[in-house]
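Look for chain A in each of the two complexes below; its partner is chain B in the first and chain C in the second.
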Partner chain A sequence: MTAQKTVKKLKVKMVSIYIMGKEYKVPEGLTIHKAMEYAGYKLVRGVGCRAGFCGACATVYRFKDDYRLYTGLACQTTVKDGMYLVILPFVPAKKPGYDIEKLKADFSSIVKLFPEVTRCVQCNTCTKVCPQEIQVMDAIQMILRGDIKSAAELSFDCIACGICSLRCPAEIIHYNLFQLVRRLNGKYLTPKSQHLVQRLKEIEEGKFDKELEKLVKMGPEKWKELYAQRVIE
Partner chain B sequence: MKYLYFPGCSLKNYAKRYEETAVAVAKALGIELIELKRWNCCGAVSGLAEDSVFHHIAAVRDLVRAQEQLDEADSNKLVTVCSMCYRVLASVNNRLKHNPEDLDTINEFMSPEEYNGGIEVVHLLQIIKDDIGFDRIAELTKKDLSNIKVAPYYGCVLVRPKETAIDDPNEPTILEELIKSTGATAVENPLRTECCGSYNVVTNRELVKHRILNLLKPIMRENIDFLISVCPLCTFNLEFGIKANKKELHGREIPVLYFTEFLALAFGLDDKLEKEVLQAVNI
Partner chain C sequence: MGYPGYPEEFWDSIEKVEATRERRLKEVFKRITPEEKEKLLEKWHPDYRPEGKRALKLGPNKGDYVPNEVADILEAYPLIDPNDIDLEDIDYDVDVLIIGGGGSGAAAALWTNYSGIKAENILIATKLRFGDANTKMAQGGIQAADRPQDSPPIHFIDVIGGGHYANKPELVRILVKEAPLIIKWHEELGVMYDKDEHGNFIEIHGGGTSRKRMHAAKDYTGLEIMRVLMDEVLNREIRVIEFSPAVELIMDTSGQVAGAVLYNLETNQYYVVRAKATVLTTGGFGRLHIQEFPTTNHYGATADGLVMGYRVGTHLRDMDSVQYHPTGAAFPEQIVGQLVTEKVRGLGAQLVNIDGEQFIYPLEPRDVVAAAIIRECYGRNKGIVTVTGQRGLWLDSPMIEIIHGEGTIKRYLAAMYRQFKRFDIDITKEPMLVFPTLHYMNGGIEINEYTQALNADGEPIPGLFACGEVTGGVHGKNRLMGNSLLDINVFGRRGGINAAKHAKKAKVGKLTLKHVNVWITKLKESGIEPKRKAPIILPEYRGKRALSRSINIGF
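On to the complex of A and B.
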C-alpha cells in the first residue's frame, strides 16, 4: 500500500517504447540506457562512458507512422512515446594499418588507404545522422579537395560511434578516415611546440639533474610529505 | 559589386593558378568574389546524368548554400570559373527552374534543406562582358600587347548545349572580344569548340595526344604566342598533348594560359602569376 501511494504522489508519466520490437512501459524523461535498465536489461555491450564521449552506444530509432530513421547516443537521448529502438554496439569497419612517418599530409596518401572516399555522392546523409552535429560530408569534401587541415578541424568532435558509416551509400569509413586525417594534421600541418624542444634540450643538457638527484636521496617519507604539500593549480 | 563565388575542387588543387588570377583580376575589375562558406563538389559528370534527379543533389546543395548566403552579395548570380562546374550547376538549375515537380522531388529528399530556385548560375566571363564591359579591360591594360598573337580555345561545355551556352555554340566570340580589348591579336581558331579528349586522359592518353595534335594543326602555321583556355581539364590535356607531341610540333612548347592569367598579365599583376607561366610567355 505504501509503495503504491508513493508512486501516485510522484505522478510519473509512463511512455511506451519498443526495445528490439518488444513493448515496455517506462517513465518519461529517462535516457534510453536508463529506460533499458528500468525494463530489466543488463547493459554489457553498447554502453561505455555514459557521458556522450566514448561513442559506444550508437542507437537508431523510428516512430510509428514516421518514415524517418532517427539516430542518437543511448546515454544522451531521452525516450519518447512510441519509440522503436535498437542500440548498435559495434560497427564492422576496415582499419588499415599505416606508418604515419611514411605518409604525407595530402590527398594521395589518404586515397591509397581509403580509396572508397572518392565514392562520395554527396547525399549528406552522414551529416544528417551525426549525433555530434559534425558537418561530416563537408569534412569528406575537404579531403577530396586536399584540404587536410579543414577536414581535421571539421571532424574534431568525432567520437567514432559509426552511425555515419552505417548509413553511407558509398560505404566510406568516416571515423577511421577522420582519425588518419587528424593524425596527419597533428604531425605535419600543425606548428610544432617550440617550448617542448627547448625543454627537451634543457633536460638533455642536465639542467634538472641536480634537483632530481636531491629528490632521489630524500626517500619515500619525504616524498609523501612533499606530495601532500604540493601546489594544486 | 559583390558576387557569391563557387570555386570547385580543381581550382583548389591542380588549377590553383586559375583561382589565384581569377580572384585578382576580378578585384581589379571591381568584382568582389565571395567564396561560399560551405560548398561541395558540383557533381561533375555524374551531376549531368539526367535519368534521375538524385544525380543532381550535389549541385543543388551548392545552390542551397548560395541561397543561404545571398544577403552578403549584391546580386543573385552565383559566379563560377571552371567551365565544368558552370555547366553542371547551370544545367541542374535550369532543370529545376523549369520543372517544379523535379524541384519538389529533390527538396523532399534533401529536407530540411530546401532550394527555392532563386539563384542564377553564371560564368565569370559573363560577368565581365555583361556587368563590367570589355571597355574596362582596355582601360586597365597596362602592357603593350599589340605584337602578341593568341589563340582562344573554348572546349565543349562552356558553349554546349545551347540551353546553358554562354555564347553562340557554333561561333562564339566572347574570348576573341576579350583578347582584342587588351590590344592583342586573336588568331582565328577553327577547332576552338572541339573537345580536348576530356576524361579519356585517365585511361587513354594516346587518344588525347592524337586529339590535341589535330586541334593544334590548323593554328600551327600562325606564329601564336600562347593559347587561352577556360577549363582546368582542357588546360591539363592541352599541356599534356603539347608535351607529348613535341616532335610533331617541331619542339614548339606553346604555353597555355587561363583567360584570367592572360588578363593578369595584361593588367600587370605579375605577382599573381606563377614563375613558370611568366617565364614561358616572356612579356
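On to the complex of A and C.
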C-alpha cells in the first residue's frame, strides 16, 4: 500500500556534482542531501529537519565557468550537472546575552547589543543570498530607522541558516539580531490578549476544577456520549 | 496556459478541480458517524494491518504488540560494551541532565532554572544542533482554550474523543488546564503569535476541535516557539552539548537513574554524565519509517529515548498506534512525505479526488482523514498516480484565497507557499497533491502527573523523568493538531519543575551500568541474535552501491 512498494523502475539520467571539489555521479532530480547520501556520505553535520525549517544545511555552489556564487538549502535544492558545492553547517557568530525583561523596545537597546548594525552599507548582498527570499537589507534599514515592528514582521520567516551573515561586509549577525527584534516586538509592541488574562484568573480561582475532576473520573462510556453531543463552533 | 509545475497528465484532473470549485464552496461534506468511522479505520488505517506488528519478546511490555520497526530497536543489543566505560572518570557532574534539544528539552531546562537550579548545574545533551527537532517543523499551531466560548473541559472532551478514549485522563486534565498558562508564558517571552489589532489571538479550527482554539505564528508556529525558547536558554547560559547523543542511561547501585553515557559523533569518544535527575526529551520515531511510510520528521527522530528507557524498566503505552498525517506532499518527488500543514484545511481547503469531488469532511481527526485518503486512492481508485507510482489526492488550496481574500496564503501559509514555489507550483492558484505520511508517535513512555517515568507496576523509576513525544498517555491513540506543541510546553515545564525538586534532595551513589549487562543476558535468553544494535542514532540512507563497498579499516 505504501508508496515505496509501487515504485516502477525508471531510467534515470546521471549528472556530475563536485562535493568539495570531488566528482560524484548521481541521479538527476535528487536534492543535494539525497545526492550526497547516494554517493556514500553519512550526514552528521549540515543536516537537520530535511524540510526547509531548521537552517542546518546552508549550501553554497558554483558552476564551471560561471563566476557567480549561488546559495540554497541542501534539503530543498535539486542537484544540477556541473554543480560544485559545499555545505556550510556552522557560522561562528556572537550571540549577546540579555534579560528581555530589562530591555526597552527601542533602537538604543538594540544598538547596544548589536552595534555593528550601524555599519550596513546597503549593498543588498544579504537579500540576494537569502534562501527564504527575505528582504534582509530592508529589515536592517527598518531597524536603523527604529521601526522594530516592521523589521520583526519582515524577518519573521528567517530560519537562521546564516548565509547572510557570512556574506555581509559590515559583519552583521542578522539572525541573532532579528531574534532580539522579534522578541521585543512580541513582548512590548503587540497588545496583550485580554481573554487570556480573564481565563487565567478563572483557572486560578478553580472555576473548572470540579468539572475537570468529574471528567477525569467519568470513564470511556460517558466520554463517548459527551463527544457525540459536542456542538461544533 | 497549463500548470508548469505539474506533468501534463495531471492537467485534466486539475481542470476538473477548478470546474467543481465554485459548487464545492457551498458544499459541506457530511461528518462521519461513529459506526462509519470504526469501519473505515479498521479497513484502511495502517494501524489495523496485523502484519505490521509483532509481540515484544522481553522487557516491561513483554507480549504487547508494537510496530515491527519499534520491536526491532527494543529487541536490540547495546551500542556500547559496558565494560569499556570508565564510570569513575566523570566528565560532567550536574544536578539535572536533559537528553534532547527540542521543544520539551528547552522548556524543561528553562523551568529547571526558574525553579532554582543554577544554569551551570543543568546540561542539555543533544544529537544534532540545539533546536534541530520536530518542534521547529510544527507549522499549524498550538491549542489553548482561552476564549469565553471555550473552556478547558470542552478542550478535554476534544482531546479524549480524538484519542479514542484511550488517553490517561489525569494527563489530559493537566494538558488542557495549563494550556492558557503556557500561552501567557510565551506572550511574556515575546513569541509573535498572530493577533488582531486589539491583541486578541487569531484562532481557527484544527481537525477534531469543537471550538476555534488554534493559536498560530503564520505557518512557522513551532519554529517561532523553538527559537524563542532557545534564545532564552542561551541568554541564561544553560550548558548545551551538541552532536553528542545519549546512548545509554546510567544508574546507581541504589537503583535510581543517575545520568547517561554520551557519544561524541565527531570524535567517537564517550562522556560520562552524572546527574541527580535525568529528563528524557528525545522525541519520536518518524525516521524508523513504520510500514515504509515516508515521514515529516527531522533526521534524528529515531526513538533513542524509548530504547534507553526500556532498558532501565520504563513501561510503554499505546505503542500500537501510529499517527499518519493525512496530508504529506505526494508531488514533487523531492518533497514527498514532507508536511502540508493541517492549517491548509483549517482555512477552508477541501480534499478532492481525481474528478474534483469531496470524499470526507476535511477536519475529521487525523486518523480518519488519513484512512479516507488511502481508501479513495486504493479502494476506490480515485487518486492521481505519479510517474514514480506514488498516489495522491488534491488539497484544493486556491479555495483559501476565495474564502479569505487574496494574499491570505502568502500571509498565513508562507512556508507552504515557498516550499511549492521552489518547484514551480503556485498553491494560490493550483491545488497540492497529498498522501498520508508518518508523523507522530502517539504512544511512548508512561509517565505520571509529575512526569516521572513509570515501570510496569506503575511505580516511578527514581531519578528519571520524561516529557514530550517520547511519552505516551496524553494523546491516547490519536493526537489532535496543535496538541503536541502544547504537550511539549506543558509537560516540559512540569518536567523541569519536578526534576529540579528531585535534584535538590537526591543523593547519587556509586554509578553502574549493570542494567545493561542484565539486558544483554535477557536478550540472549530470549534467543535474540546479536545482529541488531540500538539506539540507532541516525537512519541509514546511503546509496546501496556505496554502502555495499563501505568498509571500516580503522586507519
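The criterion applied here is as follows: the second predicted complex is superposed on the first by the 202 of 233 C-alpha atoms of A that agree within 3 Å, B and C clash if a C-alpha of one lies under 4 Å from a C-alpha of the other, contacts with A are read in each partner's own complex, and residues count from 1 in each chain.
The rule we apply is simple: contacts are C-beta pairs under 8 Å (C-beta built on N, C-alpha and C of every residue); 3 or more make two chains touch, one makes a residue touch a chain.
Since this is a predicted model, take the numbers as computed values, not measurements.
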Thinking of the overlay built on chain A, is A:49 touched by chain B (first), by chain C (second), by both, or by neither?
-> second
Touch check for A:137: first (chain B), second (chain C), both, or neither?
-> first
Of the partners chain B and chain C, which touch A:121 in the superposed model: first, second, both, neither?
-> first
Counting residues of chain A in contact, which comes out ahead: chain B or chain C?
-> C
Tell me which partner A:203 touches in the superposition: chain B (first), chain C (second), both or neither.
-> second
With the two structures laid over each other on chain A, which partner does A:147 touch: chain B (first), chain C (second), both, or neither?
-> first
So in the complex, which bits of chain A are touching chain C?
-> 1-8, 10, 29-31, 34, 37-45, 47-54, 56, 76, 78, 95, 97-100, 132-133, 152, 156-157, 159-160, 179-180, 182-188, 190-200, 203, 208, 211-212, 215-218, 220, 223-224, 226-228, 230-233
Interface with chain A, chain B side, in the complex: residues 9, 12-13, 38-41, 43, 46, 57-58, 61, 110, 113
Which positions of chain A touch chain B when the two form their complex?
-> 107, 120-124, 135, 137-138, 141, 144-147
What does chain C use to touch chain A in their complex?
-> 34, 46, 128-129, 131-132, 134, 136-137, 145-153, 156-158, 160-161, 165, 169-170, 172-173, 176-177, 180-181, 183-184, 187-193, 195, 197-201, 205, 210-212, 217-218, 220, 222-224, 227-228, 231-232, 234-237, 243, 265-266, 291-294, 296, 298-299, 330, 333-336, 338-339, 374, 378, 387-391, 414-415, 418-419, 422, 435, 538, 540-543, 546-547, 549-550
